[in-house]
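Naming follows writing order (A, B, C and D), and every chain is counted from residue 1.
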Amino acid sequence: MAKFQSLKDAVAENLNDGDIVAFEGFTHLIPHAAAHEAIRQDRKNLTLVRMTPDVVYDQMIGMGMVDKIIFSYAGNPGVGLLRRMRDAIENNWPKALEIEEHSHAAMANAYEAGAAGLPCAVFRGYKGAGLKDVNDNIREITCPFTGEKLAAVPSVRPDVTFIHAQKANKRGDILIEGIIGVQKEAVLAAKRAVVTVEEVVDDFEDVHVNACILPRWAVSSVCVVEGGAHPSYAHGYYVRDNAAYVEWDKIASDRTLFREWMQINVLDVDENIFVARINTLKGAA
Amino acid sequence: MAKFQSLKDAVAENLNDGDIVAFEGFTHLIPHAAAHEAIRQDRKNLTLVRMTPDVVYDQMIGMGMVDKIIFSYAGNPGVGLLRRMRDAIENNWPKALEIEEHSHAAMANAYEAGAAGLPCAVFRGYKGAGLKDVNDNIREITCPFTGEKLAAVPSVRPDVTFIHAQKANKRGDILIEGIIGVQKEAVLAAKRAVVTVEEVVDDFEDVHVNACILPRWAVSSVCVVEGGAHPSYAHGYYVRDNAAYVEWDKIASDRTLFREWMQINVLDVDENIFVARINTLKGAA
Amino acid sequence: MDAPFTPDEMMTIAASRALGNDDICFVGIGAPSAACNVARLTHAPDITLIYESGTIGTAPDILPLSIGDGELCDTAVTTVSVPEMFRYWLQGGRVSVGFLGAAQLDKFGNINTTVIGDYNSPTIRLPGGGGAPEIASSCGEIFITMKQTLRGMVEAVDFFTSFGHGLGGSDRADLGISTKGPTLLITDLAVWRPDPTTKEFVVQSLHPGVTQDMVQATCGWVVRFADDLSVTEVPTALELKTLRDLKARTEAAHSGEAA
Amino acid sequence: MDAPFTPDEMMTIAASRALGNDDICFVGIGAPSAACNVARLTHAPDITLIYESGTIGTAPDILPLSIGDGELCDTAVTTVSVPEMFRYWLQGGRVSVGFLGAAQLDKFGNINTTVIGDYNSPTIRLPGGGGAPEIASSCGEIFITMKQTLRGMVEAVDFFTSFGHGLGGSDRADLGISTKGPTLLITDLAVWRPDPTTKEFVVQSLHPGVTQDMVQATCGWVVRFADDLSVTEVPTALELKTLRDLKARTEAAHSGEAA
């Protein structure tokens, strides 16, 4: 049952060293503030899961918090590569990173199967693709009616999922609108779920009957963090900070520069900094 | 690509003798007008598919159009049994009816798998249930990671699906709101799809970004039939005609009475009758 | 002095008491729906009611005639597709209580709503299982409510529409089902719970004015009564008023009048 | 007299011409996105553009920087979840054309965006496949667009991120893949189509001013040229204006100014 609490408390209560954790968001609504709090609390030995690990996962990997990553596309969207993640894979800096790599279809199906309480996802995929030769978690299953060979991957079942959403109501129900990605699945697949929101409203009376709403009993914690997705965006609130993504490419290109930036912009601040970061990005949304 | 046409033409072009056909609707938005047109056009040897066959399937079975039915709950909702379907199963009147019976979970998954282009659906179900002993289309599949035995059923892939929806826009995109059931899946699982709608509007500009919309290229025909779900209902347009469902129980209880009613209310009329049937049911919706 | 009440009212109210404020309840139609909504309107205002039509967290002002009435959607927290309902919410293990009715029931909580007689040439073809087979296996526990009759409560069901405790004992766990299964049966005469070991339903309390003979006379198996058999608490004035108001509003709405 | 244009513009415009009004096109980011939107803004106004973020039938006024930009959702017919996108729309066989870019490409249309070097100890770790492995197998056919370089167009890809025609011939069908795979490659220098039998890409037309030597000098395999090799039609004034306006609006929007 959702409880309203500070982001600090929510991370402290829900994220443990060694957890399998998803900070989900598909370009839209990426929970940057929550990830930064996890960095401040210095969690270790995490297994990160996400279809599209981008800047926040680059940051967590660069800070040495991550043992393993399960993913399907690791890039800085519209900019290029993830330099901290590359440094970990190519040079073991700051430590070695184990990877379990899938396609988007596999990951989307794996989250879906996790939400559905199933041990594995079954789909038509990986035909001729090289990943099935380097990932033992890609297997075959045979249709008992047609004999067709289908792909199977284990479902994703995180210990905890973090997402950012537009609104909670006073009861703690969560509203997600726009590009909804795999957030509903990531929450329902997880044992615990923490949601940061732009704002809390009285009720969802005026919301569409079929909108993407997570009832309060499907989430553990709700934390109000205005701007908490920055430099990602929140449909209806603020636009994507493309300049910040471009800037990240420079910051991440140098180990020292990276550490200095993290000290100033993450370690020495708290989530209240986010509201100022979206000041110039409102209105256009 | 959706073409706007008369219901008569849409049924003539899309429904053939011997087809596997779904007239889907989960209490809400049941395509009664389309089913009545199929009855008037006297299609034969159909295999009907539906989670909740109710009055329209009772009518089609009673008219001798149906060889087989694939279903998970055959009742007159809130009233009782389906007397024409019972008469076919228990007494072969007017002819024998083959049944393939599933649970709701299996049927919902089978439509989902059909929409997803898969040959079968995989889920956790039928544990201890008697249906798997009488239905050879309920089989087992083993998770290649955990060894858990899961249930598998063939996907549903109708030749044609008929649904009723609230609105089309001028391009032919379809909007479904409220209890959306398995209609999206039934349309996407089918080779062809015919949609009757309450009305055509200019565009869907004011519709929620994540509303259930079928793009025009996912449907074959769009037919305007105001009231076309009666005695089912259309959220936002008119309420359910509960009295008609109760009345059906009496009509269907007698073979002669049934045939007389069908003659007067289906065979001797056309779909233009539906608008009058909802006259007293508007407003409350 | 307590108001008089019918056995049917006692059944519904006793059933409503079994539900808690934090329950996520998958509601069958008929008696379960009335009980769940009485609970919501009395002691469990925050209970989440889910109907298989996809309506989550619904709070109908009147009882639906079917599981897909518009009232359910109008008052729901959200309405999802039926595949999502069965995959994420039911199979996903999010439902604490499944509330079912039964056409035929045996002493181990196995339910038949499929056929009377042989499956392939039935005496009576019933509607079938609908959501029940997976409600019975996926919900944390199952409550059952039905009126007692010799035809309904039988030594052995003609068909296992949904699995309760099988032939008792560890049958359920032996099939790999990890949920509790039927933990409560509420009839118009009594409240029953399964024996912890044999899983046979045992009468825990008789509704006011009901005798052991009355229970046995309307039950097709030899009834076991608990050693500490008690009397079901009579409906309170609030419970009765809530149920009757709900039924009156429902009657008015379904006959087309303003509620 | 025709306006001057860059090779990049020629590439995008030539690619846009391959798309028809009735196509349902799954759009990769970068060059494919520009080509698809130029098609929509010129000869194919009713084309359906789908991005893997779940946006169906989108009509962005500016080019998205990522596949999940808000502009895509704002202008879409509808936006669905990512699991639905991959299950119902891609795997369901609803997409006629998948449009992909490539970091590495071989002459049989196999694409690598995963690693340069060995998978387990790569020289360069690239972003990975994202949607590409199943786009490549599920769409009716695949169009590829990329700028020619010796590093990019190689004799053999380091990793089969997405499968084209394998080692050519019937390799694709032999794997049980029923879709056509790569049917078109458009570079900044030429338009290529696979040989019907060997499936090796063959240059069909050279962009204006481009020589066979220029194509070979920037391609890592021995290039085959069609017997009836032609010259790609130069961009029309409308095509150029449409592309340049689109890029200008995009530039203005992404640098924070009003478009």
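One rule holds in what follows: a residue touches a chain if its C-beta (ideal position, glycine included) is under 8 Å from a C-beta of that chain, and two chains touch if they have at least 3 such contacts.
Computed from a predicted structure; not experimentally measured.
Using the contact threshold fixed earlier, the set of chains in contact with both subunit C and subunit D is A, B.
Path length between subunit A and subunit B in the touching-chain graph (shortest route): 1. Counting C-beta pairs in contact, the pair that comes out ahead of the other among B-D and B-C is B-C. Centres computed as Cα averages put subunit A at a distance of 40 Å from subunit C. Rounded to a whole number, the gap between the C-alpha centres of subunit A and subunit D is 28 angstrom.
Residue positions 73, 79-80, 87, 91, 138 of subunit D are each in touch with at least two other chains.
Touching two or more other chains at once are residues 112, 116-118, 123-124, 148, 178, 180, 184-185, 209-212, 235 of subunit B.
If touching chains are joined by edges, the resulting network of the protein chains shown has some other shape, matching none of path, cycle, star or complete graph.
Those chain pairs judged to touch are A-B, A-C, A-D, B-C, B-D.
Those residues of subunit D that touch subunit B in the shared complex are 22, 24, 48, 56-57, 73-74, 76-80, 87-88, 91-94, 138. Residue ranges of subunit A in contact with subunit B, taken from their complex: 116-120, 122-124, 137, 139-146, 148, 150, 152, 154, 177-178, 180, 208-212, 235. Of all the residues in subunit B, the ones that touch subunit C in their complex are 26-28, 51-52, 71-75, 77-78, 81-82, 85-86, 89-90, 101, 103-105, 108-109, 111-112, 123-131, 134, 148-149, 178-182, 184-185, 212, 233, 235, 239-240, 242-243, 245, 280, 285.
Interface of subunit D with subunit A (complex): residues 29, 52-55, 64-70, 72-73, 79-83, 85-87, 90-91, 114, 119-120, 122-134, 136-138, 159-163, 166, 171-172, 175-177, 254, 256.
For subunit A in complex with subunit C, the residues that touch the partner chain are 1, 112, 115-118, 173, 184-185, 188, 204, 209-213, 215, 217-218.
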